[in-house]
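Just below sit the structures, each encoded as structure tokens.
Next, two complexes with chain A in common: one pairs it with chain B, the other with chain C.
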Partner chain A sequence: MLAILPLIFSNEYTLHLLILVAINVIFASSLNLISGYVGELSLGHAAFAGLGAYTTALISLSGFSPWLGLAGAVAVTLVVSYLFGLIVIRLRGAYFVISSLAFQMALFYTASNWIGLTHGPMGLLNIPRPGLWIPGVGSIQLNSKVSFYYLSVIIAFVIVMACKRLVRSPIGETWVAIRENEKLSAAVGLDRTKYVTFAFVFAAVFAGIGGWLLAHYIQVVSPGDNMSFDLIIGMILMVVIGGRGTIVGPILGAVVVTFLPEYLRGMGNWRLTVYGVILGVLVIFLPHGIMQLWGIGSSRLQQGLFAGLAVKRKG
Partner chain B sequence: MALLEVSNLSKSFGGVHAVRDVDMQVEALAICGIIGPNGAGKSTLINLISGFYKPLTGTITHRGQDITGLPSHRLAQVGIARTFQHTTSFPDMTVVDAVAVAEIYMNRISICDGLFKPSKVEKWKVSRLEKSYEALRLVGLQDRANVKCKNLPHGEQVALDIAIAIATEAKLLLLDEPASGLNATEIEKLMDVVRILKSRGATIVIVEHHMAMVMNICERIVVLNEGRKIAEGNPKEIQDNQVVVEAYLGRDAALD
Partner chain C sequence: MQDLLQQVFNGLVVGSVYILMAVGLTIIFGVMKIVNFAHGEFYMVGAYVAFYLVSLAGLNFFVALILASVLVGLFGILIERLINRFGKDMAELEYTYFTILLTIAISLVLANTVNVLAGPSQHQIATGISTAPIQIGPVVVSEFKLLVIVIAFSLSMIFGLFLKYSKFGKAMRATFENREAAASVGINTNIINMVTFAIGAAMASIGGILVGAMFNIFPFMGSQASLKAFAVVILGGLGSFIGAVVGGLALGIIESIASGYFAVGYKEAISFVLIILVLVFRPEGLAGRISR
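What follows is the complex of A and B.
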């Protein structure tokens, strides 16, 4: 079904939104690993996406293939998230949130001020689109929106599948056990540090891959577009609106949060107000997200902090 | 050689000596009770043995191996399981899923298997079901397998906690006040479960306030007061011990 969408929505604008949905699905699904399943709210998630974006921008602007940029983005987010994880994973609750925010701010200001490397707030421009060699067709450049749509959907699909399999494996069971009762999970032999590190690193690497897609799609990388606080708020919204701790939830959330503001464009100046009210109502009446309507998402999560923060942003 | 040997164990919080120079030994297949008035340091001792606190001084030896200061998840892996006093287990899981969590640490599934061989994961999940149900049968919860943990009444919640400890295949079980909040019938059941566990080869340490139960099932009792061990012996010896009576009732009352 996803494959024929471009045939139905042939106009560029809808395709553009669909590509953004695919990229947002990657961001939301990966954030969901650490914030939905493990239950620690990471405000540093957008920074990992930005890290992936900057890495590939620097690599591909130096004349190397964007695919090498992808490898670079994965490697850099993996190493940085592991190192940062050594500190932040020892923390819980509000302390986790604050230190992940500090990480996000540190990267944001580094990107803004290290003019020599990042061009500061101006950003890095003219990032090339990746090429693809298909047997029988030969080498093509993914310049059209349709081709980039397929690339994004395939990558988003692979990442969602990876998340799903991780969640169903012993690792994912451990995440949920730690979220539900940290002491008891330690008493039955589960090493919190080890398993939360897995969640954190996987989430960061997937976000880095999402950042890679975004960089090569928009073809511009700047602190405001790739590292800003707004970005992480958007990601949190998708996870909360869709349903924390579910696989389908963040996908629904990404669709709603990407499309809703666009559909409200007809309202002119009232657009953001109405958008805020709708999101606020959703969070109040469906604290477990849209998935609650199916009765699947009703997990007792770390409601206080997580839902509370989301409500505050909108209120 | 004793299964568990605690020597010279001390722990203080700020200036309060919660546990002071405690020595105790638990023989394999014994049911050992730890009693004492409120604030005697019983729970601190359990938390030290199960790795939730790090001792200030002293050593803990399990099967001849020094386990002092190991984190609790490592202790579970060497065969020491515990239950908690005010337990909620895993509120949103079903009973059988909660027991299955205790078997995760024994899995032989790598991350790559998890990502690329979902069938291996499914097989493993089926294979551990048998063991989960066996643990539930032992505590009499087999008919409640698909109820959510948070919906269990307190008595069954305690039983579930014990089932989770059993499912880790631990040979040493530390029960932290299992009888608190239970009625007489439930305490009878609990004692049956403890005896069955012993007959299946487990060694059990019970921290408890409920004297009747401790005197009934424990072969050896350690009495703590103000962090120190003041007596040790079989139930008869403890009941006749003047120091113990004083600790519970006060000196004047004991003299009467």
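What follows is the complex of A and C.
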């Protein structure tokens, strides 16, 4: 169905929004790994997206292929998230939240001030679109919106599937076990640091890939667009509106949050106030998001998990 | 040497404002385990209320300062009631999520509403107090900057003494230590919550008003102040009152001295790098005990 959408909505603007939805699905699904399944609210997630975007921008503007930029974005987010993880994974709750925010802000100010590398607030411009070699067709440049749409949807689909596989694997079950009862999970021999690091690094790398897409789509990378605190608010909104700790939730959230501003356009400057009100009402009355309407609260799904886990460990 | 002294003085002034912000943030965390992302908005709303009290109602600056901080204190109680009403029976993880997201929502609503209603332009609060430079030895100061330091230090000293010696302060500290035990010996933790929020909000608003009189006010001034206050409480140790005072001073002076050596823009990054360093080497904070 996703493949034929461009045929139905052939106008450029709708396609533009659909591309943004795909990219936002990547951001929300990856944030959901650490914040939904593990349950540590990361305010540094946008920084990894920005790191991916800046890495590929610098690589492809030096004349290398954007695909090398993708490899670079993955490598940089992997290394940085692992190193930062060494510090932050030991922390929980409020400490985790504030230190991840500090990380985000440190990168934001670096991107704004390291003019020699990043051009500061002006950002890096004219980032090229990636090319693609298709057997039988030859090499094409993904310049049209339709071609970029397919690229984004394919990558988003692969990442959502990867998240699903992770979550359904023993690793993902362990995340939930740690979230639901840390003491018990430690007692049955689960190494929190190891598993939370997994989640943190996976989430960061996926965000980096999303950042790569965004950089080559918008073709501009700047601190305001790629590193700011507003971005993380948007990502959190998606996860919370959709339903954290579920696979479908962040996808729904990404759709809602991408299209919402279009519907709120008539409200002018009140838009962000309305955002805040929606977030506030949701966390009070629908803390598990849209998914809760179907009775799929994240913790309800996982009831009896420990029974299963204990049996598995024994066997 | 002369430069250094001047930078230390400037750091003291900025640090005074950090203290006013951080004390509230840290006691709110200590008592209620809330990371208050709307704290910067108390600071911003206070500054705007005082600005309008002075410029429209023509009140004296000090009257406006007191009135605005009382109003923002009452507003803080309202927020506390909201959080308490919906969050009191939540499990720990849900509560952390709930309080962080709700305070982020409140801060979005407040900052953007002020932005629409008052407009994005910057204002300065008129005080009638001289800001003319005065030379004291090698250091250039001004009457108002000295006043800022005096206000911040006397308020934190009064609050510190109140915490240490008054019956109510002791009840507050007991609630920091162990909420259930405090409730079981007859301490009304609801009242403690409300007073904590009121004092925290009022002190933040005084910080905002002083900044608004020294520099300027604008609708999004709160977010940066919040971030700085987070840096301070991490430096000092989350939940530690002394830590907030020491951390506020330390951050103000470090930033000020560093700005003499680094490009101006990097000054803003210092606090966040410090947070990360402190978390690596001394997660309980400079003055704190572990209250995780």
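Simple rule for what comes next: the second predicted complex is superposed on the first by the 279 of 315 C-alpha atoms of A that agree within 3 Å, B and C clash if a C-alpha of one lies under 4 Å from a C-alpha of the other, contacts with A are read in each partner's own complex, and residues count from 1 in each chain.
In the analysis below, a residue touches a chain if its C-beta (ideal position, glycine included) is under 8 Å from a C-beta of that chain, and two chains touch if they have at least 3 such contacts.
Predicted model only: the values in this text are computed from it and were never measured.
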- Query: So, does A:198 touch the first partner chain B, the second partner chain C, both, or neither?
  - Reply: first
- Task: Once the structures are superposed on A, label A:236 by its partner contacts, choosing first (chain B), second (chain C), both or neither.
- Result: second
- Between chain B (first) and chain C (second), which, if any, makes contact with A:261: first, second, both or neither? neither
- First, second, both or neither for A:112, with chain B first and chain C second: second
- Task: Based on the superposed arrangement, let me know which partner A:168 touches: chain B (first), chain C (second), both, or neither?
- Result: first
- Task: Please indicate which partner A:270 is in contact with in the superposed arrangement: first for chain B, second for chain C, both, or neither.
- Result: second
- Going by the touch definition up top, name the partner, chain B or chain C, that contacts more of chain A. C
- Does chain B (first) or chain C (second) touch A:94, or do both, or does neither? second
- Which chain C residues qualify as touching chain A in the complex? 29, 33, 35, 86, 92-94, 96-98, 100-102, 104-110, 112-113, 115-116, 223, 227, 230-231, 234, 238, 263, 265-266, 268-269, 271-273, 275-276, 279-280, 283, 292
- Which residues, counting only chain B, touch chain A once they are in their complex? 50, 52, 71-74, 76-77, 81-82, 84, 87-93, 100-102, 104-107, 109, 111, 113-116, 118, 121, 124, 150, 164-165, 167-168
- Note on the structure: chain A contacts chain B in the complex at 162, 165-166, 168-174, 176-177, 180-181, 183-192, 198, 298-300
- Note on the structure: chain C partner, complex, touching residues on chain A are 39, 41, 87-88, 90-95, 97-99, 101-103, 105-106, 109-110, 112-113, 120, 179, 229, 233, 236, 240, 269-270, 272-273, 275-277, 279-280, 283-284, 287
